[in-house]
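Sharing a structure with you now.
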Amino acid sequence: MSEEKPPPVALTQVRVRYAETDQMGVAHHASYLVWFEAARSEFCRQQGCPYRDLEKQGYTLPVVEARCRYRTAAFYDDELTLEARAVSVRTRRIHFVYRVMRRGTLVAEGETIHLVVAPGGAPRSLPQEVIALLRGESRPS
Amino acid sequence: MSEEKPPPVALTQVRVRYAETDQMGVAHHASYLVWFEAARSEFCRQQGCPYRDLEKQGYTLPVVEARCRYRTAAFYDDELTLEARAVSVRTRRIHFVYRVMRRGTLVAEGETIHLVVAPGGAPRSLPQEVIALLRGESRPS
Amino acid sequence: MSEEKPPPVALTQVRVRYAETDQMGVAHHASYLVWFEAARSEFCRQQGCPYRDLEKQGYTLPVVEARCRYRTAAFYDDELTLEARAVSVRTRRIHFVYRVMRRGTLVAEGETIHLVVAPGGAPRSLPQEVIALLRGESRPS
Amino acid sequence: MSEEKPPPVALTQVRVRYAETDQMGVAHHASYLVWFEAARSEFCRQQGCPYRDLEKQGYTLPVVEARCRYRTAAFYDDELTLEARAVSVRTRRIHFVYRVMRRGTLVAEGETIHLVVAPGGAPRSLPQEVIALLRGESRPS
């Protein structure tokens, strides 16, 4: 009997910046996409393929869809924990999900879908070793 | 026999700012939520209930869900036309949809869902005259 | 007897976006640098050398110094007029000044200093025809 | 013989976010003001008077002047150390200076000047105990 391993998760801490608030007195909803991105960066680094390196090797991962559900407000100076998981890593398409937590409370959750393209925008295929790293099937050498 | 009127649409022009680009050389995906918001502001103003005034009267419309599908990249200095429509206006919940166009090309489309709350966060009900204005069923007096 | 012509000025309109406000209820002070940049873009376009084209020709103008004095607050939905002037245009260095006005009121004023470099960062010299255009000494052909 | 104590300094780490880059491939110059603000927040917290608490007590510190000198570019994913110091703390005016370092390299330096006002904008005087804390003359109780 094989057991499914849960997909790996990366945790990132952010503190809500004053510039990220709006006049409603809460973190502006667009800030969450920027936090998701920071969480995704941390995920890739932790899995052994920093996004910075991917880009240097000619793989860019533009967002083709983004979604966020806001459960409760986040406030200036709040310490938030971002969770990022790659729920699907395919040759030309990656799907990430995110959760924003403040201590035990779910603040927001969301997802992004990315294509794999060359810098000019042409489709590209992620190498198998990168796919395995992002899936948590192998460890960085 | 009554005929369904299509929901009103507001058009807003934006020019992509340099600060809105990222090192992929395109407008960053979080910028679109900011543009949607500008389009929503314009929609409310056009319908006769500027969001600024709604807030002054104690109605805030926090985003509880946002979504964007990116069809093609937008570039620095591009002139974009934003379309905003309120597809559902209810007492405590409003649903907007958006399209980002560059001349005839669809660049992105998205939606946001908003609750109606008092400044402290308690649920509030939009007055019927505001609902009628946002639905395009009446004209500003 | 020669007469000094005043340096050309470009005017740009912006409306303060909700995302640009902070929990103090005013436009966040970093937004002004983004507005200055939009005003500078407009200035270059008006003078006949759009910044987009300059970059395509291999001239980038990174900011080496920026300064802003905030005279009074700007608020969500305010319509602001941005004034941009190039007070000094030299082969390898350009100095812009800006004013942010709300109807007759001075909201802020600032300046930026830019170097002229190649995309990799090496110093480059602006062509004489670009210098003349930015100084307003010649008109775009 | 009394010796001048150097003003206290707070150190904050930030990692350059992808959203903070622009199409020049570097961190956008407006991002530095946001980092200065994060550094200032950390400074106030470290000195025992978190800015969040100051605002709750009715003291806001709007920026009336900001300045930054950019020495070299910062790149996506760079780990930067922000230094913040309060070089002058007076009843109604505070002057902060900042340095942005990447390992041993000075990336940028800047300053901000703040007034002390009530939420509505009227001048207010900082209490002596807050002044002493920010100056590092006393420790938080």
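To keep things simple, chains are lettered A, B, C and D as they appear, and every chain counts its residues starting from 1.
Quick note on the criterion: a residue touches a chain if its C-beta (ideal position, glycine included) is under 8 Å from a C-beta of that chain, and two chains touch if they have at least 3 such contacts.
From a predicted model like this one, the values you see are computed outputs, not experimental measurements.
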item	value
Farthest-lying chain, centroid of Cα atoms versus that of chain A	C
Which of B-C and C-D has more C-beta pairs touching across its chains	C-D
Where chain B and chain C are represented by their mean Cα positions, the distance between them in whole Å	29
Whole-Å gap separating chain A and chain C, where each centre is the average of the chain's CA atoms	35
Chain centre separation (chain C, chain D; CA means) in Å	26
Residue list for chain A, restricted to those that touch at least two other chains	18-19, 23-24, 26, 30, 33-34, 37, 76
Residues of chain D defined as touching chain A within the complex	15, 17-19, 33-34, 37-38, 41, 50-52, 76-77
Footprint of chain A on chain C - complex, ascending	18-19, 21-26, 28, 30, 76
Partner chain D, residues of chain C touching it in the complex	23-24, 26, 29-31, 33-34, 37, 55, 60, 62-70, 73, 119, 121
